[in-house]
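Notes follow the structure.
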Amino acid sequence: MTVIPRAAAENPGLPEYVIREPSGFYHSLNPATKLCLAALEVVVAFAIPGWLGPGIVLAALLATAAMSRTLRGLMFIGIAALPLVVSIMVVNLFILPGATDPIARLGPLAPTWSGLWFGLMTTARLLAFSSAVALAYLTTPIDDLLADMSRRGLGRRGVFVVGAAVQMVPRTLERVREITDAQRARGMDTEGRIWRRARGLVPLAGPVVFGALAEVEERTMALEARGFTAPGRQTLLRIPADRGIDRVLRRLALAAIAAIAILRITGRMG
Amino acid sequence: MTAPVATPSIDLETVVFDYPDGTRALNEVSLRIEPGESVAIVGQNGSGKSTLVRQLNGLLRPTSGRVLLGGLDIRPTHVARLAGLVGLAFQNPDRQLFAGRISTEVGFGPRNLGIRGPALDERVRAALDDVGLAEEAATNPYDLGYSRRKLLALASILAMRTPVLILDEPTTGQDARGVARVRGVVARAAAEGRTVIAISHDMEFAAENFGRIVVMRGGAVIADGSPADVLAVDQAALLASTGLVPTFAARTGARMGLGRTATAASFVAALDSTGVRGGR
Amino acid sequence: MAIELGSVQYRYAGSSTAALGPIDLRVDPGRVVGVAGANESGKTTLCLVATGLAPSVIGGRLDGVVRVDGVDAATLKPHELAQRCGMLFQHASTQLSHTTATVFEEIAFGPCNLGLAVDEVIERVWWALRVAGIEPLAARDPVRLSGGQGQLVALASVLALRPRYLILDEPTSELDPAGTRLVTEALTRIVRETGAGILLVEHKTDVLAQIADKVVVLDRGAVALSGPGAEILADPRLAGLGVESPASVRLERAVRASGLEWPAADGAEVIE
């Protein structure tokens, strides 16, 4: 089993901005490796009972994030998760079924210690899960992921669909903004009463859908004009590295997941 | 037929506009447009033309500075209300088409303004007539080709009968007949006392149909005057700085020593005055 | 060696009337054939038929024969046609793959689809960048370009397949004057350096005046006028066919209409 260096390494004709060699240990791991590690983290956070699971994961994630300089990104994700965290805490604090150890009585509401405990633990699991996913996302550019999937055999259509879908979100948002502007300029109310704004649904959704459909034919032709349906394998300009350490890490991660699964199923763990 | 509401004057007072990412799209632009003027705004992509006209109907609000319609600051007014005063026909018609029938599409604007019944039907009919789509009232908008969809989008703004009419690139993609239609619309609106503002890449179209040309570059107005003054050959360097070239009539007139002749009419007049008369 | 349309008629899928034809047309390498006509006169259909996209990709029925360098286009697969006839559309953004991070990779998209060796891909990309005149844009994000730049990227991505013929459907209609000039200059350079044959549909007859050797005017799917560029563009029948004459011709006409004579003494050319 040979190690795969970047295709770029053998082709000095490729400029730097195309090669986009990642820096840092974690960044330069193969995308599949990072996905396996993220999967392991999620499994550990949920399958290992008590505070141990989420605790290990959060500690490992923070360390890795610090090492790979993605702490800021993780902080943003944490902040984005705040509303969800708050609602989890509120729900558990006040409405945990079977809890009988109130902290205080605030009129009809009675927050409980068990609720607090359970809420915090659920929050920890949620943060562990979202941080694991976030770390993989922050350290893996989408092109690297697609290029790796291509190398492993995902057809060009699959790659195209995923790549275009990812790009589609900002494009659709942009388009919705333009359409909203056009309809507002025709007197559609977006700042007034809610029931008037509700009438704006068709004039907003219509152009988004029709516009997208109208584009499909031209986009299809443009793809054909670039040989998209040519037979055979697509040339890959850049392939993310897949080194010995990647294989080792992936095997360890998958083995650990299997072990944890077996322990849980046979009841040896909580 | 005159405009239903008195045409307001338009004032931009040192308007600055910054996009959320920090790019400055308008840099202290001050401009006054009198009621009933016909103005063409020209300049390269990114010079701020679209940003400027969107200040006039409230789609964009100044970061600093004021926009006045008829002497009143428009900041407190909703876009939906301004739409009855300032109509803006967008460059890409597919950004607004949603109805199954052309008549419904054209009726959307006036309907939002509270027009109903026979008055609504009359407006739709008149607008479709103006752009040459009267035969297609029951057709699905997407059954029209792109250029006729553009005319449809124009009709849907015309039906709103706003005293100020803004056209964003009305002639791109149009054939000769489409351009003639747009010319007719501009002339008719001007005759009715409406203010007409058009953004255009077509220098000949701008020179021939508008009495005033505003040239933009980098978010600022760099020239403002009649076609003869602005699209002149001695302004070539200024125009070139924003990717533009004087009209063919201007260039030919300059080469022949006829002075400033940005339009065909002024060229002919200048030629006539030199006493050159050919045998007929 | 040419694109030859012989008695071609084309009906879109689900339509009973012919959108194009019967029509005969020829595009030779190294020559630019300009096509003008009113909207819906069949110009876009002509482009789709000449590149083989109609009927191979969009269906419909084609009668008559389209030959590319002697080979019947109906016998060629879309990717084979793409390497003979490159097509460029009106809107720059719908032609991007939206899956690449840099202009370099966007242009490489076509050659990579064909499975060419990496060295070959790289060489073609640099060549296409140079001919289209956009080497400085190689590192840029394709989505963040201006209209003119986007069209040049689309042009370069099609060039990278090294087609002998280029078919362009109103490539400058959405562009500002500067963008139009860039595209026009790029086309001139392409013809000069590669000897490609170009079929160019344009409303802007000034552009056709600059670069078209021959101009064909379509009317309701058939050829109404055909001949040398300068001659056709000065033809008074253009207005009746829904085509706006070039500015130079319009000016001369305005002068003559006022009873004056166009002063030829200063040596000004009617068509610049």
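Going in written order, the chains are labelled A, B and C, and every chain counts its residues from 1.
To be clear about the criterion, contacts are C-beta pairs under 8 Å (C-beta built on N, C-alpha and C of every residue); 3 or more make two chains touch, one makes a residue touch a chain.
Bear in mind the structure is a predicted one, so any value in this text is a computation, not a measurement.
Taken as a contact graph, with one node per protein chain and an edge wherever two chains touch, the assembly is complete, since every chain touches every other chain.
The pair with more inter-chain C-beta contacts, choosing from A-C and A-B, is A-C. Among the remaining chains, A is positioned farthest from chain C, on the basis of C-alpha centroids.
Averaged Cα coordinates give chain B a centre that lies 29 Å from the centre of chain C. Averaged Cα coordinates give chain A a centre that lies 45 Å from the centre of chain B. By the touch criterion stated above, chain A contacts chain B in their complex at residues 175, 178-179, 181-192, 202-207, 210-211, 214.
Only residues 44-46, 145-148, 172-179, 201, 203-204, 243-245, 247-249, 252, 255-256, 264-265, 267-268, 271-272, 276-280 of chain B touch chain C when the two sit together in their complex.
Remark: chain A residues 7, 10-11, 13-15, 17-18, 20, 141, 143, 146, 156, 159-160, 163-164, 167-168, 171, 215, 217-237 touch chain C in the complex. Chain C contributes residues 48, 51, 53, 57-58, 77-79, 82-83, 86-87, 89, 91, 94-95, 97-102, 104-105, 108-119, 121-123, 126, 138-139, 143, 154, 157-158, 161 to its touches with chain A in the complex. Looking at the complex, you find that chain C touches chain B at residues 37-40, 90, 146-148, 170, 173-180, 203, 206, 238-239, 242-244, 247-248, 250-251, 254-255, 258-263, 266, 268, 272.
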